[in-house]
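Chains: A, B, C, D and E, in written order; residue numbering restarts at 1 for each.
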Amino acid sequence: MSLSTAEALTDALREEARRLLAEGTVAVVVGWEAGRFPNQTTPAFISDPEQAQRLVYGDYCVNTLAKYALGEKAAGKVAVCVRGCDSRGINRMIADNQLLRDEVYLLGLPCSGMKDPATGSLLMKCRTCTEHDAVTYDVLLGPATAAGHDGASADSSAGDSEHVSDEQRFTAVLGIEEMAPEKRRALFDAAFNKCIRCYACRKSCPCCTCRECFVDQLRAGWQGKQNNLAENRFYNITRVFHIGDRCIECGECERACPMGLPLMALNRKMVKDLKSLFNADDAGMTEENSAALGRYDLGDLEEFM
Amino acid sequence: MSRIGVFICHCGSNIGATVDVPKVVEAARTLPHVVYADDNKYTCSDPGQQSIRDAIEEHDLDRIVIASCSPRMHELTFRKMLHQTRINPYLLEIANIREQCSWVHKDIEAGTAKAIDLVRMAAAKIDRDTPLYTTTIPVNKRALVIGGGIAGMQAALDIADAGYPVTLVEKEPSLGGKMVMLDKTFPTMDCSACICTPKMAEVGTHPRIEVRTCAEVEKVAGYVGNFEVTIREAPKHVDYELCTGCGLCESKCPTKITSEFDQGLGKRKAIYKPFAQAVPSKPTIDAAHCRKINEGKCGVCEKLCPTGAIRFDDEEKRSTETYGAIIVAIGYQLIDWADLYGEYGGRVASPNVITGLQFERLVNASGPTEGHIQRPSDGTEPKSVVIVKCVGSRDPHKGKAYCSRACCMYGAKHAHQYLDKVPDGRCYVFYMDVRTPGKGYDEFYMNTQRDGAVYLRGRVSKIYEQGGKLVCLGEDTLAGATVQVEADLVVLETAMVPADDADRLGSMLGVTRDKDLWLSEAHPKLRPVETNSGGVYLAGTCQGPKDIPDTVAQASAAAMKVCILFSKDELESNAMIAGSDVGLCNGCGACVAICPYQAVTLEEVTRRENSVMVTRTVSNVNPGLCQGCGACTVACKPGAMDLKGFSDEQIMREVEALCL
Amino acid sequence: MRYAYFPGCSAASTGISFTLSASYVAKRIGLELVEMPDWCCCGTSAALVTSRDLAHALPARSLALAEQAGLDLDVVTPCAGCFSSLKRTVHYARQSDKNRHRLEEIIELPYAATADVMSLLEVMARPEAMEPLAAAITKSLNGLRVASYYGCALVRPQEVTCFDDPEDPQSMDSLMELAGAEPVRWAFKTECCGASHQISEPHGARRLIARVFENAAANGAEAIAVACPLCMLNLDMREAGINESRAVPFDIPVFYFTELLGLAMGGSARRLGIDRHFWPTGKAVRKALAPPPEPSPDNHSTSELPQEVTVA
Amino acid sequence: MILRHSSLEGLLSTLSTGARVYVPAKADGVTKFVLYSSSVRPDFSITNTTMPPKDLLFPQTQHMYRYGTDAEGVPYVEPVHDADDVIVFGMRPCDVRSIECMDDVFLTKGFVDVSYQAKRERLLMVAMACTAPAPTCFCNSMGLCPTAAPLADILLRPAGATDASGDTAYLVEAQSEKGQAALAQWESYKATDTSDADFEPVSAAVSCSLKVSMVGVKDKLEAMFDHPIWEQLSKKCITCGTCTFVCPTCHCFDISQENRLSEGTRFRCWDSCMFTAYTEMAGGHNPRASKSARVRQRFMHKLCFFEQRYGKTLCVGCGRCVEKCPVALDITCLIDQIGAADVAY
Amino acid sequence: MPVNEAPTASAATAATAATAATAFEPTILAFCCHWCTYSGADLAGLNRMSYPANVRVLRVPCSGRVNPQFVLTALNKGCDGVLVCGCHPGDCHYVSGNYFARRRLMAFKRLLEFTGLEPERFQVRWISGSEAGKFRDTVIEVCDQIRALGPYRSGVSDDVSLNG
């Protein structure tokens, strides 16, 4: 987005945050503030109206904020800055009974894709984003994003139209599907070997709302603590299977991963299959829970026999 | 530390021939926590069972593994045996080394190795078994019957006659359902009203039957033996305590409305009984059409009523009561053919294209024409009638794929009735097949043909009006030609489809619906009146199209099932059911959505967590409803839901043991 | 409103009146028709009975060529037969990528099946066309009783055509109403006119024509409106022949619906191609264009009557 | 001794005949210390590998011992020994300092961890002085010098180009007896046409651009256990274990076992004080149930508790957590905020 | 009672410790639903059909009880192949269990194959209580397929060295 747009949105955001806090509508505003390094931002939690001017909005607000609503709601109503991804995360948590719509006040912001502060190029997760603007909000600050992510035209891997097609969205998946099985195995074995099990992927995921993750449960034979290929594969595949039919495709897991695992390719494999097999809806577009594996149809496709 | 006993059966030579039993015993002795292992010639025999009981005492065993035939054969036998010991009957695992080992493998070495694996798996699993207990559920001996047609009335009467109180809920102002609309019943041609109305009266006066008309079931909670049912009664605007049913109000009411009972062919008043023999035999005010209620004018009925029973300000009533069993008998409705068959005129069809049920009213002596068959358009007697069967039935493209079962017979009945009343008339019946299985049915059909009905095998492709006649274009597949028949009246024998309420009631009661929304029985052959919801039974056409004798038979069968349930004071629940770990549950509700028995609900709990009291929403399994399928355990991402007897940990232990 | 235009083989021959009247109307309502490059025979029923592949491949070729030429428009065709063939092909191609690839293989051209296919009737009955139509109609057809005859191919099979009710369609009726005619409620809107059997099985097929006229007459129709050149030819050309064996002959002229719309816009019979019909149209045209009763029916009204009207 | 960059390859292959040699390189998209082989391309320009070298001494999964009962039913316990001679070639001064911290934990105060000790004794540290610290580096502020690594057995300091081809020279110095002994193997690779005096090693002036003040931080923290700052600071933390796992000094572990029938293995794996389960007790009680308590623990441990016990900060200023934290919870910002906090000490 | 012989020679070869040295014999775990497949397997025994001894049946109440994590565990613990069998769609004793299983396992199987697992190693079949022959044929088929693939390498012993 242009500098003037970013400034205008930042002003509008600060003003709205100040008003909401001053009027006591919300107890806290979750947004972004500047970090130490050039272009860097970091999640901000503002509860004093005087501090609202710390908030910023622009091209580098890389964090998807939805999940913070869960931690902050105990103090009162939480205002959360939402773009497409954040708002779908909020919807997802509502669908999973983790949040009530009433517990949050959503500040809708237009988004044209976020950039990596270090390189200035569009984040991977934003290149395949299908929903730029908030799908639900209480107030919309600034106009909807007319065309696609700005970086899109500059970057050949992203489309320049307003919609990322399924083909673009599933490029990585399709690419892997086309590989020979041994190559796929090698690819993922290498990836799972890299995994350090820091669990940043699950912690950043708005679908991961278990009180105690399966990996932390001491069930004989369930998930070993060892960091070896087999256990890492178990963790990563199970994680995908736990969230796959609810994944809102925010890409936050992949961004958070310090080791660069192709997590979105795994997530999107499920998303793609459920979509093509069972006509699954895109997750988080509404507050309804329409997880494809929680339903069935008598006429479901039969791949077994 | 558990103390496991392992008992390996030879089953004569059935097992012993392919499995080296002593070697299996030896291997079993080395397994963790196994303190005793022995073999037995016939474990299921009395001496075999005695030796297990002795070993339990002697070696202080607290759980046992029996390696023998399939658990499908003797699991119950051995559980019963454990009842006589101090071991909980669920602390038993059976390794199937006969059907799935000795009988299918020839190589003694491979068979023995596999038998050892199976015993090891069972021992690993049983190490994680916990004692399980059944709970008892009290049975509330009151039945609710939904629907006051012939099925509901029959079921209510049977249960009431067996000594149990029954509430019968009917959404119309009178009992009787569809049967009382019919003129005659095939094949005996006895008058439908003559056999139906005495039943209605009997129900209405039965000391153990409470009839609620204009009423609907709004909400059902609970489970077998303990359903909490909320019934909503629409206002009748007449105080039935005071009303004597004299009929003065109805005769003087100035508002005339199309009669639902006469299928739109006759008129009724705004204060009305749907038909003369209605039960209860008291009128109801149709609030939507009453001038007093809508415009504040009129009030003639109130002025005339000798007992002052009119209540214009009557309101909806709701009551919640407890029932032990529910019979669903909500019947059927006819398919809305006009929406589907534009070629028959659709929504703008001639008034002379009528349904079979309309024909029943036309031919009925107490119907709008007093039994004279007349064309609705001009009141003339039709000299030729075309009867079209399978309108909406056996027509997957436009209607339903199934056969509605009764139409062949009532089509024949209509032809017979028409030819009887209009001897010089001509009657053509278009049919696909004639299906007349039933006592006296085929004879009746043959007689109808002898009466002069012309049966044409083929479908009708078009019906249109031309020159005051209805032209029916069709095919005679036997002659291999298209035919064109001109008729004065066309009777469409339309398909039966589920009542409007079927889907709502089905989901409320946890009864599955098939693809056409008929309520599904628990098993198509062996449990034809039960449903997947314990304590909920089906009677009549809500389960699928059927004729009156089948309906009545099913109603009595459903009543019998209720009586069997009521013969016990308590029910024993399944012991191997799901349970949720409150600490792990995050209340996402995935289990609720997936449970086919509606056994899982979300509820709030307040508990101490890390020194603070927290109120959270968590899932809760109703032991009365859970059947132990375990679908919820997989849907549960937090791993809070587990299945007793087949827990995650038990299964995992088995997997681990197998891989050694 | 801009569409790719597939004229079909009758456009310049037997169906010339349709072409003339359609272009007359189109011009006045801002409907732009861009003829598809190098279109070929749609295959129609002849191809269908020969080979299913052929029946799909012929339309696919024309559609693919349009795609190749960058004609990024939905396709409209006046002929019901062409519509049926083209639409069926699009439906088939969209059913699965496998189907589409099969077609691509046969025609040796890439084919994405992005363009939709519509009949001229469907296009004109859309709200965005109805509006300019209403504005362009300057004369009322004076309550001429018109039976709208849709024929077999425009509305069936419904899962392919996705247009109007297959038993009692209404789109043409509403256009006729818009033009000031009185739509007749009748039963033969979508019955077969028997066109393809007139030569091989004339006896049975004539009967199919007769009953269309019969039912139209029984319901008081003064004219029949059609949307298919084959229906038109079949009904218009054979009305005289059928009358030979009737005691009471029919006298119902057949019009393309576009001709009647054109008349209501003030078009002359010659411009619209009405003068090329077999059965005389004069009576109906005169009734349609009769002056409103209020002004005296003298000379100035005759001047409004198109001079070119010739009564065959 | 002067060593030319061009002779490193030969040196490394010689060294790897007698020991497992690890060099900084990129593998599968991650920079870390990779076991040297002819197919590995070392990259000595990396300032700081994503993964620190700590797992060479303290593997993420360390098998400790096997146990079970033998055929006669007699129980047995069998320790797992798996130490090899290891050379880490190209450690940065901060990584060397981290080993110093680990030594404190695993070898001093009367607590000696045998498996750590076994690996440590067979480890040779070859350090490489930094010439261009990364923007996230702040080792100066933690009392380190980017060009000095006192604990390293051998220190290499880049000393500019040796000739027109741009071949870099390294000034090699042994800093321990072990290092001195090891240098014998290096002799044949040293540059003979030049001497140490010809080169000026990278100056001590090399310094990080990121600076924080540690003045009074430890003392302040001692008074800040119940300070509201933790609640505020921890809000954005998502409690993943990234910072602890990429940290060269974090050394917490969890002991677990894998049992199969009557045999089993006991092993320990890295744990993170950020995880809820880290302090969870058998009865379900968790003394650090809240996120703020866990965040406080981590930083208190780094900046206060460790210093109290061992006299040094447990942060070496490598900047790995600063770079990898998914929510930019930056330890340098935190130190600034503590510095700014109004607390009497 | 008919005695059915194993139709292929390879099927008759059973997994035994003695032969393991020469030929690979896979370990195959079959999760079988109690109501259909388990009774189908019993019927195979009753009819004295013969099939390889490599398969071990693990009885579950319903195919809907089979957690995909069980499959991963089995492969990690040393199974070379996993088979899940349940009632045919529409015949579930618990109304809908196998419908849920069908969706889950289809998605799961595709996910596993995406990460490189050979399709043969994880298979799902619907086998009714009367389909003893189908049970036998399935076991033989799966066994042959997996024997041809060789042992599964789970990587359970490959401790990840973060540096290395």
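By definition in this document, a residue touches a chain if its C-beta (ideal position, glycine included) is under 8 Å from a C-beta of that chain, and two chains touch if they have at least 3 such contacts.
Since this is a predicted model, take the numbers as computed values, not measurements.
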Out of curiosity, which chains are bumping into both chain A and chain C? B
Set of chains adjacent to chain B and to chain C: none
Taking each chain's centre as the mean of its Cα atoms, which chain lies farthest from chain A? C
Reported most central chain by Cα centroids is A
With chain centres set to the mean of the C-alpha atoms, which chain is at the far end from chain E? C
Counting only Cα atoms for the centres, state how far chain C is from chain E in Å. 62
Need the CA-centroid distance for the pair chain D / chain E, whole Å please. 46
Taking each chain's mean CA coordinate, chain A and chain B are separated, in whole Å, by 45
Length of the line joining the C-alpha centres of chain B and chain D, rounded to whole Å: 69
Interface hub residues of chain B, defined as touching at least two other chains: 583, 594, 635, 648, 652, 655-656, 660
In chain A, which residues are in touch with two or more of the other chains? 193, 196, 212, 214, 220-222, 224, 226-228, 293, 295, 298
Hunt down the residues of chain E that sit against at least two other chains at once, touch-wise. 68-69, 73, 77, 96, 100, 104, 159-160, 162
Any idea which chain A residues touch chain B in the complex? 96-98, 209-212, 214, 217, 219-222, 242, 289, 291, 293-295, 298
For chain D, which residues are in contact with chain A within the complex? 28-30, 50-51, 60-61, 135-136, 210, 232, 235-236, 238-242, 244-246, 254, 256, 258-259, 267, 269-270, 272, 275-277, 291, 324, 326-330, 332-333
Touching residues (chain side chain E, partner chain A) in the complex: 68-69, 72-73, 75-77, 89-90, 96, 99-100, 102-118, 123-126, 154-160, 162
Can you check the complex and tell me which residues of chain E touch chain B? 12, 14-18, 27, 29, 34, 38-39, 41-46, 48-51, 53, 56-62, 64-70, 73-74, 77-79, 93-97, 100, 104, 136
Residues of chain B defined as touching chain C within the complex: 341-343, 345-346, 348, 462, 464-467, 471
